[in-house]
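Below, each structure is written out as structure tokens.
Two complexes are shown next, each including chain A; its partner changes from chain B in the first to chain C in the second.
Right after this comes the complex of A and B.
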């Protein structure tokens, strides 16, 4: 038994084979003291949901390098909603700046774009986790 | 309603109706020290006597891939769903971890329940929370519960205390007959799997293990009623995974018929109690060292020996 740690499921959704970035992010989060459950390539929304449930993930990180983010991120958010899971979704990869607002307003908790520093990566994940933890603690009755 | 707001009892109730998120949450509570006792208290006594299978072996021997195949086989065959606790090491520097066993076990987690666990500083090949997590799975009627250890060296044999059946996975090219006769991991196997059996040297590995087992009768170490089988396997295709499942079953029956199963469970209870005590003593010890710096200062200055310093503080540790 031990102190609790932030647990993050990292995956590539769909047919996108560029996994250098997600491996770097996994390492950055590990070195920040988080537990990374690494799913790697060719995952589906179903397989990510199954893993996030079983691993009790505090956050899900999806890496996207094939310009599919405006389609795949919303479908991941739908899947989370259908499963009634309040797990924050962070998107990383080649995300054009003009798409960031659309992702955030769709419900994505954070976007890690090209050139983000290790500190920024950690900060975005921590912030996303803390925001959901706060809202689930206050609960509906507390507003 | 967020799962984070539910009590252990509420989570258990949901988990027992098949809510996997609730079970995932329970395992987190079993892992964290602030909540682990509550989970233990709530699940203690709910045991369905699941068979606990330990899978161990050196890093890269193919444990996870084999477990993935085994679980795929079991989900087709067995009446109850299998569960897996897949353990990987925490970083001694940051405390973080990359848990990468699950990536080898894809497409089985719709029936089976797979949970990745970081060692969080515990040596011996397991995490402190393993018995608690096993108890949760057992209470929720998962059977068997498979524990995959971290990749181990020669001496990390905690798994034998945690499991009913220990499977040691070896791969070709890891050493010769002298290696096979060294004390440690190989002595504790109930079943051997020679993985990557399509690679050169696999039959040599099998022969070395066979010879090692043959020598046991000369030293009285041999169990005359049970000889660990050696199963050749190529986990990428899972060719002999049925044989492995059968061997686990055979060993399970042997444990029952010989009475050794009772012995092992008694050993497990002792192991867990001892671990709890050790944890308590360690906390006390840190407390004493932090509060009574006088003796430490003397030891650091060379005025008293480390042994004398330890003796001077021993009483306090017990009473802390």
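Right after this comes the complex of A and C.
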């Protein structure tokens, strides 16, 4: 049973210390039956990739509250590509609606904006994981 | 019919009231009914334990300071904004620094990517501070600087600017936030572990007490604790406990509680539950006065006053239907005024998504001007005092806070300072705050708590309007500026000053301020100075607790 649980690595990338949102999201995902690995503050793309590999993560969730999302999300995607990791990236935090399309078209799998309900949070992560699982050649995995 | 107030306490209040200058406005209702300066029972405003206010005449003498926090881009950009504020009659400046500066990192650090000049002004060296205050006489203004981890370096830069421009250091007025304890609990902008950080704070208290008697060396801040998700009572208790910790640290260094006590000030959040907030403000004054007198032995009443700045609750602002945030801010601002705040920052309606646009910031300022000039709440000190509900709420806030103090006292074996260290190390503060935040989210999610525009009354969300975007050119400019300063400075002097700083850091009996001041004058960077102390102090990494 635990083999099929979605494993999510959550982290704060960069200097931004606003962690209220990511901690709430961590508990929401945990309550929905997912395995949550929270790395904490001041992570780098390298530390996140290392943890995602080690934890065999099904998704990575990063929280951004400092208007850094248009810089940091692409740098994370770039790092994932370099590491040849096909793990969906979900971005949460203070993301203006006008930036959501840009993030999605850059390759972000889902965006959790301000005021998202618990159901929306869980849905966004499940959908992101399912989309990658469908597209991978090894067939469906978790989720 | 209530009887006219009388008795020795009333006479003492009347004497204090009559001795203060009043603003030249009619103290009457809109319909022309004259009103008294205070109603209800003793102790009156300005009388121990100051539940009803820190001054006898409150806003009849002086309105709260409308201190709007601002900072963006380069030091030159912010300097232009400062001069404009001074031209329009402002005498108080309030500085926001960008995230790398707040974390003691230079603009050239890989960590600074995408953050330079975004959420405030970038300061790397003394040269930036010279630009920030160019053509402003530091002897004439009061400057608030919101910085904590590298606060000593920024204060040293401010002192260095004064010295270089011929202003006597003892004439400097202002406040530096420098509340490091709440960084570990809520805001998370720390550099070193708690104990060496407290040494730096204490060194700054000692330095300012000796050399800068008009400068407030710590602004003990609950704002960020509340924003991180605490309840009102937790905000109150954690903030005042941090205050007790600073007092205990200064007392342990032989400082006089009557001296440094006068220069401690506070910073609270004003959230949407109107009466809870007012009760919290009133309880804060009463608790602080009692503890300063009874536990820490203050005898000068000025050292017992909980003077505070208030900011409306950023976390209450919704991205949905952003215009309705104006109503939230107005209610929160009114609670601050009825709670007796000394200064107030009102948030802008568009701040759920970005730094405010100029128009939104103006509406926010106008909102508090309406409270100050149109509502009449400023005519009477503590106008809600004596209301059974408000008095009960004040008592209840105090009761909950005292329970938390008892827990911390217990954790620290009779020392609140040690209790705060233990609570930081064992995750007590962050755990309590995260629990409260999650409880609130679950209630909103279950629909048991209504957030207008978010989980009910959602029709009419036409999306966001125009948002402020910061020009990315700031980063290029700042990197070039830093590079040229590094080229021009005397690198031997920089190296020598940093070596001295590391040596001083190794000896806890030495005050760090002189060595930090020397390093800033040699144009050592913020990050170099932080690193010199890091060699001795190490860094702090928070345990990741969900």
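Observations on the structure shown:
Please note the rule applied: the second predicted complex is superposed on the first by the 133 of 143 C-alpha atoms of A that agree within 3 Å, B and C clash if a C-alpha of one lies under 4 Å from a C-alpha of the other, contacts with A are read in each partner's own complex, and residues count from 1 in each chain.
The rule we apply is simple: contacts are C-beta pairs under 8 Å (C-beta built on N, C-alpha and C of every residue); 3 or more make two chains touch, one makes a residue touch a chain.
Predicted, not measured: the structure shown is a model, and the values here were computed from it.
Looking at the shared chain after the overlay, A:53 reaches chain B, while chain C stays out of its contact range. Applying the stated contact rule after C-alpha superposition, one finds that A:113 touches chain C and leaves chain B untouched.
In the superposition on chain A, contact is made by A:36 with both chain B and chain C.
By the touch criterion stated above, A:94 is placed in contact with chain C alone, chain B being left untouched. By the document's definition of touching, both partners, chain B and chain C, reach A:26. Across the two superposed structures, the residue set of chain A contacted by chain B and also by chain C is 26-27, 30, 36, 38-40.
On chain B, the positions that touch chain A within their shared complex are 2, 4-5, 20-21, 23-25, 27-28, 31-34, 36, 90-91, 93-100, 102-103, 106-107, 109-110, 113-116, 118, 120-121, 128-129, 132, 279.
Here chain C touches chain A in the complex through residues 99-100, 102-103, 105, 111-115, 118-119, 187-189, 227-229, 315, 318-320, 352-355, 433-434, 437-438, 441-442, 445, 451, 454-455, 463-464, 467, 470, 541-546, going by the rule given at the top. Chain A contributes residues 14-20, 23-24, 26-28, 30, 36, 38-42, 66-68, 70-72, 75, 94, 96-98, 113-115, 117-118 to its touches with chain C in the complex. On the chain A side of its complex with chain B, the touching residues are 1-5, 7, 26-27, 29-40, 47, 50-51, 53-56, 83-86, 133, 136-137, 139.
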